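Given below, in the form of structure tokens, are the structures.
In the two complexes that follow, subunit A is the common piece, with subunit B as its partner first and subunit C second.
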Partner chain A sequence: MLWLQLLVNGLETGCALGVVAISFSLIYATTKIFHVAHAGIYTMGGYLAWWLVTLGVPFLVALLFAVAACTAGGALIQSQLYARLERRGATHLVILIASLGTLAVMQNIIAAVFTPNILQFPIPWASNVVVLGGSVRLTWAQLLTIAVSLAAYFAVMWFAHYTILGKRIRAVASNPFLAQITRLRPQSVYVIVVAIASAIVALPGVLVPLDLGLQPYGGITPLLTATIAMIAGGVGSLTGAFVLSIAIAELQNLSLLVMPGEWSIGITFFIFVIFMLFRPTGLFAAR
Partner chain B sequence: MDFWFSYITLAEIYVLLGLSTNLLVGIVGIFSVSQAAVFGVGAYIVAHFLLAAEPMSFLPALGIAAVCCVLLNVLVTLPALRVSGDYFVVTSFGIQLLATAVFTNWTAGTGGANGLPGIPPPDLFNHPLESTGELTLLCTAGAALGCLAFYLIMRAPFGRLLRAIREDESAVAAAGKNVLRAKVSAAALAGAFAGVAGGLYATFLSFIDPSSFDLDASILLLTMVVVGGARTLAGSIIGPFLLLALPQVLTLLDIPTTIAASMRQLLYGLLLILFMMFRPQGLAGEKL
Partner chain C sequence: MLRRVGLPRVGRRRVALRTFGITLAAFVVGWTVGGVSGAAAQTIQFGAILPLTGPGGLIGTQQMRGIQFAVDQINAKGGVRGHKIEVLFEDGQAKPDQSVLSFNKLVDLQHVAVIFSAFSGPSLAMAPLATRKKVLMVNAGAQADQLATASPYLINTLPTIGDEIKVLSKYLVADGKKKAAILFENDAAGISGRDDYIRYFPAAGGTIATQEPTQFGQTDFRPALLKLADAKPDVMLVSITAAPLQMAQQYKQLGLTFLVAGTTFLQDPALVADPASNGIVHTQIRIDAPPELAAEFKQKFNVGMEFFVRQYYNATQVVLTTLDKVLEEGKPVTGENMRETLYQIRKFNGLIPLEFKTNTATVSIDINEMRDGKDTTIKELSAD
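== the complex of A and B ==
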């Protein structure tokens, strides 16, 4: 029954990845900025929560604090860096390089403060095992990740379609110029979008390390996989990004049956090349 | 004296890499964080042929490495550039992570995390270059040839075409030029530079391991071009010489060795942000 266990593990990593993918997709579809520093926000959330937990703060409080700090961090990057660069007429490439620089700064501050070694959360209940259906083993951390990720997905879908702010964001995303005319002020909407997306990405940022541990440079691979899921799902489609994240994580996990885990980046990249060659607009392309 | 020789030699190797990065990022305007991966492929191929049971001589091995890097870059850029620039961002991150995974995990071919020690010094026409001075001469010749090639290409119609693409892609396409082919050719050329640099690096240090060719190394290369100045020959020369001197300056400050590497990388990131904010043309470049 190894494959069943792998399928369930894939669902868990896929859900967490899906949340990273929809948060990145929100930013990318709205601001058109390839926000590489999002990986830094993801890592920062985990480390902040770890730091608070080691100080004796309850896990839930630490999680909420990490979400708040990531929200502020994201808003700061958009308003103080990207918006300034855009006002100076910077090209896409310049913003991208600045974003990469921000990622390097964030990761290395974390590495300097918390050492580059893997850190584990000192939370015993997280690794308690629940046995489902006789043979499938899941830790509480994994169950929590699945539950929170699905809740985050539905919350974002509801937010984007049924709230005034969500509709504003979609309006700015679909046509910034028209939104400007109707006094929606794209630049302030951008700050809100990046802030919200950073809050969302803090959830997997804290929950995934609960199971796997923290590493200062550990944000890049999830972000890369998430962007591949976003592109394969179709840019602008949140459902596409979420579903493809699960699909990619399932394929990565099933590939463990035939090859060792360190090559899973190869699988991910192979999927991306296939999509680039045969369906560059993605499966659920909006337009 | 040996310290200066090795500093200059290393900087010259990085000049070749700077030219490669500049060609892609500066001239054509394609964001790339996989330059170190291509550099690594060049280094490992040369090391492989020089360490083989019947060692090949240096120049043919260097030629093979350059050709492989050209092929790799063409293969990598073609599918992504056909679609859009942001797809290439994903591709270049992917190639970099994949290359690091191969360098680290393919123990039989690359020695894994332990790297490949004992790479013999390069030889020219059956004469092995063993002293540091001779190696410096070789690398100076290599860097000079690279700079000359870069200068000539930029003056040629092909160079003007690349600059035009950066300014306005649709105008170039409307003028009947094949934009995709020009971009892929530039990437191929960048691959050749990086491959040659890799070969020189492997033989100069006589030891290579994955840490010289990881994402951090790619970020360093980008920082060199950004600080030196994009789109100019002078920029690609100033950048490597300055940034390779920087770690030496940092050792003068009293930073604990455990965080020295992070501090260096942090500084590169900070330089990227500050230059993008306040001087996107770098010290001796043109507007990025």
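== the complex of A and C ==
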């Protein structure tokens, strides 16, 4: 059944995009910085894990190391670049340009160190196929992506709503000025948020290339799609970003049933443009 | 009071005139030789605009090595009639806009007379500039049909994709594979290949059931493969230049069983080595390197002398042979003279015999099958 296989493939792509979207949404909603270099962190995670796996390190250890390294990388960018620029009165446009520059530097370093070729994880089990329901075929890498992405989403939701740090982050995101005068120290919260979001984005950064291979410039398309999902879902709504990511991926996949592939991206985003005209604040935005 | 010490006025004027004359002569010699650096007047510079980064970086690196290998060999023998050869490599990233910028830089600033190019989109974008600025463009990697008529200053040392698809279509239909689906890359080369499949496969007696595009550099082929599989074809005709390994792996993972067939674009060492390539059939332009040459290359670069290395090595031999004749005849090394001389020579015997009846060389095309990590010729066919 073609539609069922497309539906499941869409779910897998959407889940991975959803994790990128919630991580980006966390940063944007809290810091108001359009952190384009997040795509570089996503890519870096995959390459670090690949490098360790090629050295013989077990995949799980490599994944955890990549998460740790991305956490540090994100914190470094926020504390040493964005925070410094903000202290000097830089506008968000200037910070966006700095972020773009950081992304370009990261991509070029990755291409120089690891070559611009498409690299594959030397992990045979990842491409072994599991047949579900007699007709749906998924690789272990795809199954792992779905499971880890859903787990990451629920973990982030729990963290944001039920932990003190999560509540502190939401408070800062809600009103930075009030947070400042109530000694919630927004600048240190920003560093923590970018670090956490970088840790989260490392998960699809490793798991998606486990299935599709690594490219130095491979982080831009997921980030752009995730950004659209974040806006359409309602800025600040993690559920909105995650659900809309899945919706976009499903639309792109299922639209193939009724139209040629070259139209699927255009039609999908046309639908979202129309949708935004009627609900410009996004689907899950608080009224 | 200080006095100026030195030559008398007349003497100074003579020295100045002599200096000016020498400088002028050096400049004229440098200009006529073409792309001569100030420090080494005997060096002749060529340009090469190849994708050295990005999704085409693997192929571009092979192409660069092919050119450099040929140039290093000739320089080790003293150059071409005493002139050392230098190639200025520019990273076109397989992007037309970036390639055009590189073209202008090489021609306007470095004054090169010959530029090696690759990939259809960039080559087609640079072709009008080659005509206008009379620079010889040498393509040994791109195969879009439009390249055959893109510019009188563009030569292609390999056949267009249409020539290969004619051969492949006849072979597949004769083999009973009459219902086809097309997977193509949504760029100049991929679309050109798709159009050729649509033109030549039905002409050979087959039918095209459906077609699906992918984007250049994309590695998720599953949606397109699933849609093509739904048409239940006998064969999937492939026209992609990037990520064929990922395409083949996902085809196997989805449990698809129809034949996969394509052109030289599928000749990727990583694909051949992977078990997912078992059974893939493709056309192959016949170009082999003698064992001693391949061994020398491996010693130098520590990698095998792959298809695009051989192609660009061969194309560089064509350029160097032409340059030798231009210098022998005492002509300035300009794009115009290089082009005229190339057509005068017409037949070249490098790694393979090439003949330029038009701007696109006539060569032999084989049918290969990938199996158990090897890419074996299963049928030899003539170019004509």
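Note that the second predicted complex is superposed on the first by the 269 of 287 C-alpha atoms of A that agree within 3 Å, B and C clash if a C-alpha of one lies under 4 Å from a C-alpha of the other, contacts with A are read in each partner's own complex, and residues count from 1 in each chain.
Here is the rule we go by: a residue touches a chain if its C-beta (ideal position, glycine included) is under 8 Å from a C-beta of that chain, and two chains touch if they have at least 3 such contacts.
On a predicted model such as this, the values are computed, not experimentally measured, just so you know.
Undergrad: Please tell me, clash or fit, for subunit B and subunit C sharing subunit A in the overlay.
TA: Aligned on subunit A, subunit B and subunit C clash with each other.
Undergrad: Between subunit B (first) and subunit C (second), which, if any, makes contact with A:Glu262: first, second, both or neither?
TA: Both partners.
Undergrad: Is A:Thr139 contacted by the first partner subunit B, the second partner subunit C, both or neither?
TA: Second partner only, subunit C.
Undergrad: Thinking of the overlay built on chain A, is A:Gln5 touched by subunit B (first), by subunit C (second), by both, or by neither?
TA: second
Undergrad: For A:Asn253 in the superposed arrangement: first (subunit B), second (subunit C), both or neither?
TA: A:Asn253 contacts subunit C only, not subunit B.
Undergrad: Let me test your reading of the model: by the given contact rule, A:Val105 touches which partner, first (subunit B), second (subunit C), both or neither?
TA: first
Undergrad: Where does A:Leu81 make contact in the superposed view: on subunit B (first), on subunit C (second), on both, or on neither?
TA: A:Leu81 sits against subunit B, while subunit C stays out of touch.
Undergrad: Name the contact category of A:Ala90: first (subunit B only), second (subunit C only), both, or neither.
TA: Touch partner of A:Ala90: subunit B, not subunit C.
Undergrad: Looking at A:Gly213 after the superposition, I want to know if it touches subunit B, subunit C, both of them or none. Which is it: first, second, both, neither?
TA: A:Gly213 sits against subunit C, while subunit B stays out of touch.
Undergrad: On subunit A, which partner's contacts cover more residues, subunit B's or subunit C's?
TA: Subunit A has more residues touched by B than by the other partner.
Undergrad: Report for A:Ile231: first if it touches subunit B alone, second if subunit C alone, otherwise both or neither.
TA: Once the two structures are laid over each other on A, A:Ile231 reaches subunit B alone.
Undergrad: Go through subunit A and flag every residue that touches subunit B in one model and subunit C in the other.
TA: 111, 115-116, 216-217, 260, 262.
Undergrad: So in the complex, which bits of subunit A are touching subunit B?
TA: 34, 36, 81, 84-85, 90-98, 100-105, 107-109, 111-112, 115-116, 216-217, 220-221, 224, 227-228, 231, 260, 262-263, 265-266, 268-269, 272-273, 276-277, 280
Undergrad: Sort out for me which residues of subunit C touch subunit A in the complex.
TA: 52-55, 57-58, 186, 211-214, 217, 219-220, 222-224, 226-227, 229-230, 242-243, 245-246, 249, 253-255
Undergrad: Which residues of subunit A touch subunit C in their complex?
TA: These residues of subunit A touch subunit C: 2, 5-6, 9, 13, 111, 115-118, 120, 127, 129, 137, 139, 212-213, 215-218, 252-253, 256-257, 260-262.
Undergrad: Provide the residue numbers of subunit B that touch subunit A in the complex, in ascending order.
TA: Touch residues, subunit B against subunit A: 25, 29, 31, 33, 79-80, 82-83, 85-87, 89-91, 93-95, 97-98, 101, 104-105, 215-216, 219, 222, 226, 258-259, 262-263, 265-266, 268-273, 276-277, 280, 288.
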